[in-house]
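All chains are identified by letter, namely A, B and C, in their written order; residue positions are counted from 1 within each chain.
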Amino acid sequence: MIHQFGIHDILYLLSGAGWTLILSAVTMIGGGMIGFCVALMRISSSHVLHGIAVVYIELIQSTPVLMVVFLVYFGPGIFGIELPKFPAAALALVVYSSAFFAEIWRGAIQSVPRPQWEASSALALTWLQQLRYVILPQAVRVSLPPTVGFMVQVVKNTSVTSIVGFVDVSRAGQLISNATFQPFRVYLWVAAIYFVICYPMSVISRRIERKFNVRR
Amino acid sequence: MSYRFQFDVVLAQSDRFIEGAALTLQLSGEAIVFGTVIGILGALARTEGPRWLDWIVGAYVEVIRNTPLLVQVFLLFFGLPAVGVKFTATEAALFALTVNLGAYATEIIRAGIEAIPHTQFEAGLSLSLTRLQIFRHIIFMPALEIIYPALGAQFTLTLLASSIVSVVAANELTTVAQIIEGETFRSIEVYTITTLLYIAMALGLRSILALLGLVLFRRRRVVQPQVRMSGI
Amino acid sequence: MSMPVVSLKGITKSYGTIQVLRDVSLDVEAGEVVAVIGRSGSGKSTMLRCINGLESIQGGTITVAGHVVTQTAKQLRELRREVGMVFQSFNLFPHLTVEQNISLAPRIAKKMAAEQARGIACRVLEQVGLSEKIDAYPQQLSGGQQQRVAIARSLAMEPKVMLFDEVTSALDPELTGEVLKVMEQLAERGMTMVVVTHEMGFARHVADNVVFMHKGTVWEQGTAEVFFDSPRTPELQQFLRSSKVK
């Protein structure tokens, strides 16, 4: 049934935005943790671990996020399982984002000059201790702007899960636009909601970058 | 495992997959060309143009970079008719991809321009060149060389992001895949093949960009790396 | 009396509230070599950059080879054809070969045909003794060679006056000689030159006139011998003492 675009529609969009935020948060945490492990594998001296990490990153970075979502959504069907929409969406985005987090952090870790490793190994620290106490504190500075910058991408990427029917703000917009026949107006609202979420993060990312550049 | 893969049913449709992939390549190829042109003009406007132009282009860049492509596609698809423009879904898709890449390219190219020391600009001025001549002959290539990896990565992202325009049935690879899935009900097989096609296209694009880089930046091959580092 | 090639009359220049040049006047006659010396921050570079319009001025007039230094872009370009400028940091274009570096401006600003521009590149490279480096990229050259190419690049525009801003300061000591020699040869060929320098030997033996800048103004000037042998102001005397110790 057709109705006029009104206040409940906006409220519905906002509840969709809530799911967008939850999905984004889960993706950042999950993708961040896996990404960190993959980054460590990438810099490890083990050829096997290094190789696995390289292939993992390359393959995912060469795949559209939508395909990852489709594969994770339909994949479990092989085993006769059907994943509910939220876990499927979250898993897909975690996997996809982990490859990008891994690359960002590998770059940051490797930007710490080689002598820092050598100096710390001379202090008889283990590899993990060197990483924990010497390398990471320096790498974090470098990684912060691109990490926050990528978080913007994470939020925007959640929108593709609407294509498999997860009701985030994009899907909510689609439903309302079908019901009101005012797609342009509805999508302007949707765009505005994304902008309100993403723009502050973009600004923060830039601020941090400028601050570090000046100090360096 | 009770599931039986049936790739043959899907592979029987390989002609349609290839057609879809071809359209994906064409769409992203055009978006890359036009988006880069927008990027160059946008970067010029931001670095050389008057305040108000810098501000407008800046607003364009921020709006695009802080909203999803999916929503941009919908907005253009539903918004263009309102201003009386007639178009196909594929054209709306091309428009959205171009506008999207244009914003990222503007920022990337601007960063490249700003990385060139101001003294290069002054050297050009002292040789009696105009600002535009300086940009074209002195600033552009070194700036491009600096940002080439970032720009190439962005091109690859555009190629892959083009799958999103399937939401308006743009007839490119993902749209074709969805249609075939609807006919065969072999989701996993369809999307595995589609994913492999995207991976192949992405690797292909990166190889082409790498080769193009060798041609564009001849100096890299001529000048020995150690010598280069001791230079300016 | 002939018109001076470069004439500064009562130049004032400030950055915000900081006055960098105050009432600077200076005439440079055709064929004359003027060395400019002075402490760091005394305004030497600023004065030089005003002469080819890289910096704007707040007061006074500058004329170069009949052109008044103004602010319209087109007039500035016409003026800059007559003025060569060589920088401390060479500022060669890294993506262009030596020949391309040199022929760029003649081709583009003077719309010269490619082969004619190449001819000029060969000629000026010979003048700075680097003919064999014509196809090299800047990074393949030593600092001294890069600076000589930068000089050649300016010469290719056939300027009426050349400005040099501490062109040997960024060089290893053993490389300064080759650059100074090229400049000396230029002077012998009758080029009008304004040379900001810390090389007292060059100022004394090559320059016709020497200018001492202090606190943003021309504090003292004179012919090389008089200037170095009997400085009048205590500031110059002290400056000369301190630079001799170095």
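Throughout what follows, contacts are C-beta pairs under 8 Å (C-beta built on N, C-alpha and C of every residue); 3 or more make two chains touch, one makes a residue touch a chain.
Keep in mind the model is a prediction, meaning the values are calculated, not measured.
Q: Could you find the chain whose CA centre sits the greatest distance from that of chain C?
A: A
Q: When you take the mean of every protein CA atom shown, which chain's own CA mean is nearest to it?
A: B
Q: Can you work out the whole-Å distance between the CA centroids of chain A and chain B?
A: Whole-Å distance between the two chain centres: 20.
Q: Could you please state the distance in Å, as a whole number, between where the Cα atoms of chain A are centred and where those of chain C are centred?
A: 55
Q: Roughly how far is chain B from chain C, centre to centre by C-alpha average, rounded to an integer in Å?
A: The answer is 45 Å.
Q: What positions in chain B touch 2 or more of the other chains?
A: none
Q: Which residues of chain B touch chain A once you look at their complex with the stated criterion?
A: 1-3, 62-63, 65-72, 74-75, 78-79, 82, 156, 160-164, 166-167, 174, 187-188, 191-192, 194-195, 198-199, 202-203
Q: Which residues of chain B touch chain C in their complex?
A: Against chain C, the touching part of chain B is residues 119-120, 122-123, 125-131, 133, 137-138, 141-142, 145, 217, 219, 222-223, 227-228, 230-232.
Q: Can you check the complex and tell me which residues of chain A touch chain B?
A: 59, 61-67, 70-71, 74-75, 77-80, 152, 156-157, 159-160, 162-163, 170, 173-174, 177, 183-184, 187-188, 190-191, 194-195, 198-199, 202
Q: Quick check: in the complex, which residue numbers of chain C touch chain B?
A: Within the complex, chain C contacts chain B at residues 52, 54, 73, 77-78, 80-81, 83-85, 87, 89-95, 104-105, 108-109, 137-140, 153-154, 157.
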